[in-house]
Amino acid sequence: MQTTFIVAILVLGFLVTFQIAKASEYVAILRGEERSRKQTNKINGFLLLVFLIAGLIGVYYCNEQLKGKILGAPASDHGVLVDRMLYITLALTFIVFVITQVALFWFSYKYQESDNRKAYYYPHNNKLEVIWTVIPAITLTVLVGFGIFYWFKITGEAPKDAMQVEVVGSQFKWEFRYPGADKVLGKKYFKEINDAKNNPLGQLWDDPANHDDIYVSGEPMHLVVNKPVKLVIGAKDVIHDVGLAHFRMKMDAVPGTPTTMWFTPTKTTADMKKETKNPDFVYEISCDQMCGKGHWSMRGEIIVETQEEFDAWLAKKDPQYAKITPAKKVEPAKDSTTAPAVLKDSVIAQVIK
Amino acid sequence: MATTANVHQTKWWSGGKSPFNMEYGKLMMWYFLMSDAFTFGAFLISYGSIRFSQNFWPDPNVVFNAFPGAGHANLPLAFVSVMTFILIISSVTMVLAVHAGHKGDKQAVVKWLAWTIVGGLAFLSCQAWEWHHLITGEHATLIDGQIKMVGQTTTVNPWGDLASASAVADALKNTSHETLVQLVSSHDHSVSHEQLAGMSQEKLISMVNAADLHIRENGPVAFGGYFYGITGFHGFHVFSGVVINIIMLIMTQKDVFQKRGHYLMIEKAGLYWHFVDLVWVFVFLCFYLI
Amino acid sequence: MSTHFDPTKHISSSAAYPEVSFHHHDTDDAAFKKKVRKTTILLSVITIIELAIGLAIYTIHKGENPNALLVLMFKGAVCILTLAKAYYIVSVFMHLGDEIRNMIMTIVVPLMLFIWFIIAFVADGNSYKNLRNKYDKHFQESTMPADHHKKAEEPKPADAGGKQ
Amino acid sequence: MSEALSVHPEIVTTHDVHHDEHGGGHHKETFISKYIFSMDHKTIGKQFLITGIIWAIVGGLFSVLFRLQLGYPGQSFPILETFFGHWAKGGQIQPEFYYALVTMHGTVLVFFVLTAGLSGTFANILIPLQIGARDMASPMLNMLSYWFFFLASVIMMSSLFIQTGPASGGWTIYPPLSALGQASDGSKLGMDLWLVSMAMFIVSSLLGGLNYISTILNMRTKGMSMTRMPLTIWAMFFTAVLGVLSFPVLLSGAILLLFDRNLGTSFFLSDIVVNGEVLPNEGGSAILFQHLFWFLGHPEVYIILLPAMGMVSEIMSVNSRKPIFGYMAMLGSLFAIAILAFLVWAHHMFVTGLNPFLGSIFVLLTLLIAVPSAIKVFNWLTTLWRGNIRFTPAMLFAIGFVSLFISGGLTGIFLGNSTIDIHLHDTMFVVAHFHIVMGVASFFGMFAGVYHWFPKMFGRYLNNTLGYIHFWVTMVGAYLIFWPMHYEGLAGMPRRYLDKSGWVSFNQFGDLDKMITVVSIIVFAVQLMFVFNFFYSIFKGRKVTTQNPWGANTLEWTTPIRPGHGNWVGEIPEVHRWPYDYGKDGRDFIPQTEPIGANESKH
C-alpha cells in the first residue's frame, strides 16, 4: 500500500514536472529563445554560486556531524603513523579542494554570459602551465616521501621479541593459533585439515614445534598491551582480510600464500571502554575482502590486556595436540626427531595414520 | 601553435593521407597483432610469475625428450626443434607468397601458400603427437604417499624432484597392486605380466628396485596447465592461420585478387602467420629452453 | 572480412598524392630473395645455438655440482638470442623494417610496457615464494630441490630420464 | 576505400557507384540495414547509447535495491518478494541476492554502461564527424563490434535469470571465491556466463578500439593534422589505445579462470579446503589473478574517464566562447595519464601481501598521476576564467564533472598512498572515491555529451527545463550520497557489508545510511526522467533549425542537420586551423574550415 502510494506520488510529481517543462519550452519559443536563454543563464549562474556556498557549509556541517564517529585515536603505534599520514594528506588536499572548487564556481558565476563582455582569447601561457605542473609535483613528492617512509616502517621486520599469533580465515570465521612455550608455530599442510580429527588447521603432528601450539577459536584473540605482535595470516578457502579498524591495520588472508603484519597495541580493551565510554567496547576483526554470502558477518574479536591477564588466560588453554595424543600409539616427539629430515612430512603423517 | 608543432613531419601527419603510408586494413592487422601480443604476453608472464613462486620447476630437457618412433630413447629437445624448423620454414614460404603477391604472380602465390598450409598442418600434427605422448605416457610418481602411474595432465605433474629412497620405500606399502605389477614389469622382463599379477603385495615390493626406478614426486601442477593452455592457445592460432591461408588460397585460385589488382589480403594473412611464428619463438623459449 | 568500403579500387588512383602508396619498394627480386635467404639461415643458426645451450644446461644439471650462475648466464643468453630472432622475424618477414619510421614507432613504443609488466609480475612471484618459504616450512621442505638439503641423505642420481 | 575517401574527396562519387557493385542489403536501406545491422557509424553509436541506457537503468535499479537493504536493514519490503521470490524471502533482501546485486551493479555500470555506452557511443558518433571522414575505417568490423557487445549483453542478462543467480563475488571476481562453486552460489553457472560474456565484450571492445585507432590515424581529412584534432578525438584515441593493450590481459585472466573452474588446472588455486572438502590444487597464486585483472582494471578506469574528459574540454570551450586553455598541455596530460595508467595497477593490491618494496614503486607511480590530473583541472579553470559562459545543460554537466573530478581525484591521493591505504583499503572510502571520480564524473561527462550532441544525433533538442532539473538534482544528490560516505570509510567500515548492526565499530552510521538511500532513490528517479526526456525528444523534441546551433568550430557542425551515411554531401571540407578559435580577433568563433586570414593574429 505504502509502496503504491509512493509510486503514485512519484508518477504524479513526474507528470507535473514534465508538463511544466513542456510549457516552459513553448514559453521560451514565444518569448524569443535568445531572451529566455539569457534568463535561464542568470538563474543557473546564481544557482552555481548558491551551490558553492551551500556546499562549503554542507562540508563543514557534515564534518561536525560525523567527525565524532570515526573511531577516535588509533590504538596502535602503527595506527598513529597511518593517522598522521592521513592528516598530512588531508591538510594539503583540503587546501587544494577549497581553492579549486571556489575558483570553479566563482568563475562560472562571475563570467556568465553578458552582452557587455567579450570572452578573452587566451589559448595558452607556458609559464603558468609550468607553475602548475611543478607545484603539484613538489607537493606530491612530499606526500610520497612521507608515505613511503611510514610504509617501510609499518611493513618492515617485526622486532625480535614480538609475540606471534597465527590468524586463519575461512567462511565465515576466524581461528587463531599461539605458538606456545617454544615460540615457534609448528608446520602445517592443508591436506591434513580435518575437523573430525581435531586438526582444524592441518598441523603436522610429527613436528614437535606443533605439540605446544594452542588453538583458539570461537573466542577473542588475546594480545598483550605494549608488546609487539606479529600476525601470520592465512586462509583456508577464499581470500579474506584481517581488518583491524582501531589499530588501523589490514592484511589479506590468502589461501596458499602466508602474509604477515605486525603492530604494537597501545591501549587495553579496558582503556578503550573508558575512553569511548562504551562498556560494550571490543576490538573487532572485520573481514575486508569479499568472501561470500556471509562476508558482512565475518566478525572476530580481540582483547588487549596486560601481560599478567594474558598469561593467566593462556595458562588455562590446552595445546591442540593434547586432544589427539590419547589416540596415538607411538610417542610422536621421539618419532619425529629420529625420522630422517628427508622424509616428506605428509608421507610421515600418512604412515602415522 | 597547433600547426607549427611538427613542421618536419607535416608531410605525413597533416591529414588527407595515411601517416604510415599504409592501407587501413593492414594497419588494423598490425594493431590487432599488438593486442594479441598482450594476450600471449599475459599468459607467458603469468607463467613466469608462477614459476618464480615455486622452489622447484621441471627441467624441460627431462620432460621433452621423446621422439616419434624412437621408443624410450632420451632425445631432449629433438622433436621440438623439428617443430620449430617447420614453423620457420613455413614462415619463409609465406614471405615468398606475399612477395609473389606483390608481383601479381598468381601461380607463385598459390604454390607458396600451399606450402605454407602444409607447414602449418605439419606443425599441428607434431603438436598433436606431443600432447598425446605427454598425456598418455605413464610415469611412476610419488603422490600423497603412494606411487601412482600418471601422465602429464593439468592436475598432476610427474616431473617433480626425485623422491628419496626412504620415501619411496614407505610409499610402496600404500601402492596399489596393479601399479606394483607395472613397476616391476617395467624393469624386470624375466617374469611375465600374468605371473606378476598373481604375486602378493609383499613379494612385489621386494622385487621393486627402488634405486633403479628414479621415482619422482608430483611436480608443480601449474606446469601442465600452462603448457597445455599456452601451447593450446598457440595451436589455436596456428589452426586459424591455416584456415585463413586456405581461404586465401581459394580466393587466389578464383582470381579474386587478380581482379582487384593487388594481393593485399595475402599480405595481411602473412602478417598473421608470421605473428604465429613469432609467438612460437617465445613459447619455445619459455617452455623448452629455460 | 570484406566490407562494402573496399579500399582496393582506389589505390591505383592515388597518383594525385604520390606519397600515398601502399606498395613496398623492395620489388627487386634477386635482392629480396637474398635477404630472405640470409634471414632464414640466420634464424636457423640462432635456433641451433639455442638448442645447443639448452643441451648444455641439461648437461650441467646432470653433473655433480650444477653451477647455478653458469646456468643463469646461459638462460640469459638464450633470452637475448630469442629477442634477436623476434627482431628478424618482425623486421624482415613482417616487413616492419621497410615501413616508415612513424609506423615502426607505433608498434615498438607500446611494447615497452612489457618491461615493467614482466618485472613486476616476476618480482611478485618471487616475493610470494619467499613468503611461503619463510612462513610455510612444510612447503619449503617438500618442494625445495634435493641438492639443497637432502644431499647428506642420499647421493644425487645421475639419470634423470622419465620412465614410460 | 574509406582510406582513399578521405584522401580524395572526389572519390566520393566512386564510393557511391561502388556500393552497388557489392549489392549488399545495405544500399536498399531496408529497416534492417538502416537501423539494425547498420554500418553507419552514427547509427552504431546510437545503438551503443540506447543499449547503454537500458543497462544503466538495470544497473541503477540494482543499486536502489541494495541501498534499500543498506538504509533499512531488517525491514521488510513485501513488494520485493513479489518480484524476486526466494531472493527476497519475506520481503528482505537475502545475502546471496545482495551480493549478486552489488556484483552486477559494478559489472554492468563499469563495462556495459561506462565503457560501451560511453566511449562506444561517442567514439562512434564523434570520430568520423570530427576528423572529417565518411565513416570508420572498417564499417563492417564496427558493426560487428556492436553486435558482439549485444551478444555479451544477452549472455550477461541471461545470467540474471538462472537458478543459482549471476556472478556474486564482486565485480572484480577475485578467485578463489569466483573459482569455487562450493564457496558461493554465484560462482556456479553465473560465473561461467560472466566470463563468457566478458570474453565477448572484450572482442567487441577490441573491434571497436582497432577501428577507432586506425580511423583517427589514417583517415583525417586534408589539413586535419594531429594537433588540429579536437581534444575529444585525442581522448578517444588514448581510450582506444588503452583498451586495445589492456583488455587482452583480462581476456588471458578470464581464460585461465575458466580453466581453473572447469578443467582442474591450478593457476589461481592453492591449498584450499572449502566446507571441509580438501581440494587437490596446489601451486597456483590467487594474487596472480588480481595482477591480471588490475592490469586491465586500472586502465579501465581511464577508459571510462578519458572520453568524459575529452568531451568536457570541448563543451567547456564551446560554451565559454574561449579556446581551451593550454591545448598542448591538455594533450600531454592525456598522454601522461594513458602511459601511467598501465604502470600503476598494483595500487589496488597494497594489502594483498605485496612485496613492500614493489609496493613503494607503485605508490610513486600512482601519485605521479596526480600531476597531469592537476594540470587538466587548472587548465579547465583557466578556460572558464574571463569567458562568456552559456549554461546549457551540457555546460552545467561539464562544470559538474570538473567539480566531481576534483573531489574524487583528491581522495585518490589518500588511497594511492600505501600507508593510508592500509586503513582505507576496501572500506566505504574507496566506494565513495571511485563513485565520485569514475562513476558519477564519467556519467556527468556522458550527460554533457548527450545534451551537447543530441541535436547532431537526432536533429532535435532535449527539453532544457528537464535538463536543468536533471543536472541540479543529480549534482546535489551525488554529493549528498557520496560525500558523507567518506566518513564511514574513515571509520574503517568495510565495503560490501549488508548489515552493520552487529558490529560495535561500524553501527554508528544508521541514520546516514538511511539518508543516502533516500537520496539515491530520488536521484535514480530523476535519471528515469532523463531517459524519458531522451526518448520523448527523439520524436517530439524541438527541431534543430540551424546547422550550427552552439556556434562551434568543429567539423560535425558543417554536416547537414540530419547527415546521411557518408556525413557530408559533396566534398569533405578541408581543415585550416585548430578547433578552438573562439573569441579570436573579436570574432565569436571561426570554424576549422575557414582558411587563415591575411591579417589574423597569431597565438
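Should a chain be cited, it is by its letter among A, B, C and D, assigned in written order, with residues numbered from 1 in that chain.
Keep this in mind: a residue touches a chain if its C-beta (ideal position, glycine included) is under 8 Å from a C-beta of that chain, and two chains touch if they have at least 3 such contacts.
Owing to the predicted nature of the structure, the values given are computational and were not obtained by experimental measurement.
Which of the two pairs, A-D or C-D, is linked by more C-beta contacts?
A-D
Of the chains present, which has its C-alpha mean closest to the combined C-alpha mean?
Smallest offset from the overall C-alpha mean is found for D.
Averaging only over C-alpha atoms, locate the centres of chain A and chain D and give their separation in whole Å.
27
Compute the distance, rounded to whole Å, between the mean C-alpha positions of chain A and chain B.
Result: the chain centres lie 44 Å from each other.
How far is the middle of chain C from the middle of chain D, if each middle is the mean of its Cα atoms, in Å?
36
Please work out the Cα centroid separation of chain B and chain C, and write it as a whole number of Å.
Their C-alpha centroids are separated by 14 Å.
Two-or-more-chain contact residues of chain B, please, as numbers and ranges.
Correct list: 1, 13, 16-20, 22-25, 34, 41, 46, 49-50, 53-54, 164, 166, 217, 220.
Could you pull out the residues of chain A that touch at least 2 other chains?
Residues 123-124, 191, 256-260, 340, 342, 344, 346.
Provide the list of chain D residues touching at least two other chains, using ranges where the numbers run on.
2-3, 7, 138, 141, 217, 245, 282, 284-285, 287-288, 291, 295, 327-328, 353, 603
Name, in rising order, each residue of chain D that touches chain B in their complex.
Contact set of chain D toward chain B: 2-3, 6-7, 131-132, 137-138, 141, 206, 209-211, 213-215, 217-228, 244-249, 251-253, 255-256, 259, 263-267, 280-285, 288, 291-292, 295, 327-328, 574-575, 577-578, 603.
Could you please specify the touching residues of chain C with respect to chain D in the complex?
Listed in rising order, the residues of chain C that touch chain D are 1-11, 13-14, 16-17, 20, 106, 110, 113, 116-117, 120-121, 123-125, 127-128, 131.
Touching chain D in the complex: which residues of chain B?
1-3, 5-6, 10, 13-20, 22-25, 27-28, 31-32, 34-36, 38-39, 41-43, 46, 49-50, 53-54, 154-155, 220-222, 224-226, 229, 233
Taking the complex as given, what residues does chain B use to touch chain C?
9, 11-13, 16-26, 30, 34, 37, 41, 45-46, 48-56, 59-63, 65, 72, 74, 76-77, 81, 84-85, 88-89, 91-92, 94-96, 99, 102-103, 137-140, 158-159, 161-162, 164-166, 186, 213-214, 216-217, 220, 260-262, 264-265, 270-271, 274-275, 277-278, 281-282, 284-285, 288-290
What residues of chain D sit close enough to touch chain C in their complex?
1-5, 7-8, 11, 14-15, 18-19, 22, 24, 26-27, 39, 135, 138-141, 217, 241, 245, 285, 287-288, 291, 295, 342-343, 346, 353-355, 358
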